[in-house]
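So that you can tell them apart, the chains are marked A, B and C in the order they are listed, and the count of residues begins at 1 in each.
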Amino acid sequence: NVSPPEKPRIIKCRSPEKETFTCWWKPGGHPTNYTFLYSKEGEEQVHECPDYRSGGPNSCYFDKKHTSFWTVYNITVRATNEVGSSMSDPHYVDVTYIVQPDPPVNISLELKKPINRKKYLVLTWSPPPLADVRSGWLTLEYELQIKPEEGEEWETVFVGQQTQYKLFSLNPGKNYVVQIRCKPDHHGSWSEWSSEHYFQTPPEFRVKEM
Amino acid sequence: NVSPPEKPRIIKCRSPEKETFTCWWKPGGHPTNYTFLYSKEGEEQVHECPDYRSGGPNSCYFDKKHTSFWTVYNITVRATNEVGSSMSDPHYVDVTYIVQPDPPVNISLELKKPINRKKYLVLTWSPPPLADVRSGWLTLEYELQIKPEEGEEWETVFVGQQTQYKLFSLNPGKNYVVQIRCKPDHHGSWSEWSSEHYFQTPPEFRVKEM
Amino acid sequence: LPICPNESGTCQVPLGELFERAVRLSHYIHFLSSEMFNEFDERYTQGRDFITKAVNGCHTSSLTTPEDKEQTQQIHHGDLLNLVVGVLRSWNDPLIHLASEVQRMKEAPKTILWKATEIEEQNKRLLEGMEKIIGRIHSGETGNEVFSQWEDLPSLQLDDEDSRLFAFYKLMHCLRRDSHKIDNYLKVLRCRLIHDSNC
């Protein structure tokens, strides 16, 4: 005997570059039909999801044309089966608050040899490709975490909007691992950490005198 | 035997607070009379300098009433002596692009003692008195430079529109010197550096242990 | 965070946040317009002394806008908001054509083309936001329909290179000027309406 579908629940909405966004809902058990409905603040009209496919299963994708920064989206999902239907609670989305960029890329290390001073290492990276083109529209801040390869504890450093960092106070001739992540400078959340990047400090390495 | 005056040259125009502006010209050798003439974009009428005195010798000062933005001033200076006269090349000025503020003021340092974390220093300053940032008419950006007192190399940090900066990565119990300067957010040029501000970091000061 | 749901049971972006986003966008649009003008000036108009000819007004000069701090502070915020919307609307059409005409230029530099397209898009986005702000302040309104027509498309397509380059120069010169006005007025409005003139 079939019962009406469980009440669906919107589990996540995310914009990777402050231009588009996607929402996902948690599907119920047995075969059910889902309808994703939304309205924009100040508008009576209710619309249906413009694209159920691009974001994968149980998702709705809003392309640039359907994405606005000036309004809050009131979203509900309706689950229907042959016995009945049930409606999720309303889920409110302000796109600026759901921006979570992809991790930074192109992490690389360069040994600098200033003439009359000791060598030091400079870590550089690039913004995630999607966000890079929009550098003024989406301003990113970065954080790096670094530890000796066999060490337990990460040291976290917030570096602001720079895409490079001078590594001074490391021990010479040691193996280290570093990761970087980024976040919009205004609302939104941290990206995942980038992949781990391993390196070894040269033997005669300068420790910061500042 | 007296020759006609050298061709005068307008050497600088500056607005200190995006409300008034002054232009200076390079005087010729022997006694000469100067007439400062200007016309504004889209107007046939030619006007004479409203105030030859307030800006000092060989200058013309435009008070608020005579200063307009988003319009181009076409400026010329005529030098006359008993033998003849000569006219400068036209000098085009849009006041938006000649704003150079005075340096920031009230630089001060405060030691912060968060409960379960180590102490750190916060540098604070105020915009130059003339600059009206409260109304939003002028938006300033700041840059600071800091170095150990006997050190050679300044470390420069762009801090955007904030008027404070947290000092973390300094050595405990050391003497440092810091200066700050400012610039309008889009166009115009950096102010001079503020006067040097000396301070000593407390002994048990938080250092970025890497 | 957005106020959800508020008294009327709906959920909306606070006015202060709408202004923050509008100012970030106007700042970005002016930054792009300046960069595009400088790049075009450096690449195409050196030694042609276009500045002396460009001073005969932009297509938006029929919209009487404040020219200094005092005028900007004395004008009623409703009128200033409408002026901003009027200037933005006046740029919709020319920005569409600028992007397509830059594409047709000899080895049109990608960076100028990208900026022209990005400015067109962001200008529309800012216009949407300003209509939202006006609707919030004067409920229901989206600003009066005042805007100023642009009729210079033919000059962007002239055969004579000098005249054509001058038409591009003038359009980008006016865009840089008007986008700076909009950015400046929005920063004043934000301080006045959101921070009680105490930014």
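To be clear about the criterion, a contact is a pair of C-beta atoms (placed from the backbone, for glycine too) under 8 Å apart; a residue touches a chain by one contact, two chains touch by 3 or more.
Quantities reported herein were computed from a predicted structural model and do not represent experimental measurements.
*Asks:* Determine, using the mean of C-alpha atoms as each chain's centre, which chain is farthest from chain C.
*Replies:* For chain C, the chain whose C-alpha mean is farthest off is A.
*Asks:* Mind checking the rotation angle between the two copies, chain A and chain B? C-alpha superposition, nearest 5 degrees is fine.
*Replies:* Superposing the C-alpha atoms of chain A on chain B needs a rotation of 165 degrees.
*Asks:* Compute per-chain Cα centres, compare each with the mean of all protein Cα atoms, and return the closest chain.
*Replies:* Central chain: C.
*Asks:* I'd like the Å distance between the centres of chain A and chain C, where a centre is the mean of that chain's Cα atoms.
*Replies:* 31
*Asks:* Using CA atom averages as chain centres, what separation in Å is found between chain A and chain B?
*Replies:* Comparing mean C-alpha positions, chain B is 40 Å from chain A.
*Asks:* Taking each chain's centre as the mean position of its Cα atoms, how many Å separate chain B from chain C?
*Replies:* 27
*Asks:* Could you pull out the residues of chain A that touch at least 2 other chains?
*Replies:* In chain A, nothing touches at least two other chains.
*Asks:* Which chain C residues touch at least two other chains?
*Replies:* Correct list: 31.
*Asks:* Inside the complex, what are the residues of chain B that reach chain C?
*Replies:* 18-19, 41-42, 64, 67-72, 74, 90, 92, 96, 132-137, 139, 185-187
*Asks:* Sort out for me which residues of chain C touch chain A in the complex.
*Replies:* Contacts found on chain C: 1-2, 4-5, 10-13, 17-18, 20-21, 24-25, 28, 31-32, 114, 122, 125, 128-129, 132, 135.
*Asks:* Which of the residues in chain C come into contact with chain B in the complex?
*Replies:* Residues 27, 30-31, 34, 51-52, 55-57, 61, 65, 67-70, 72-73, 177, 180-181, 183-184, 187-192, 197-199.
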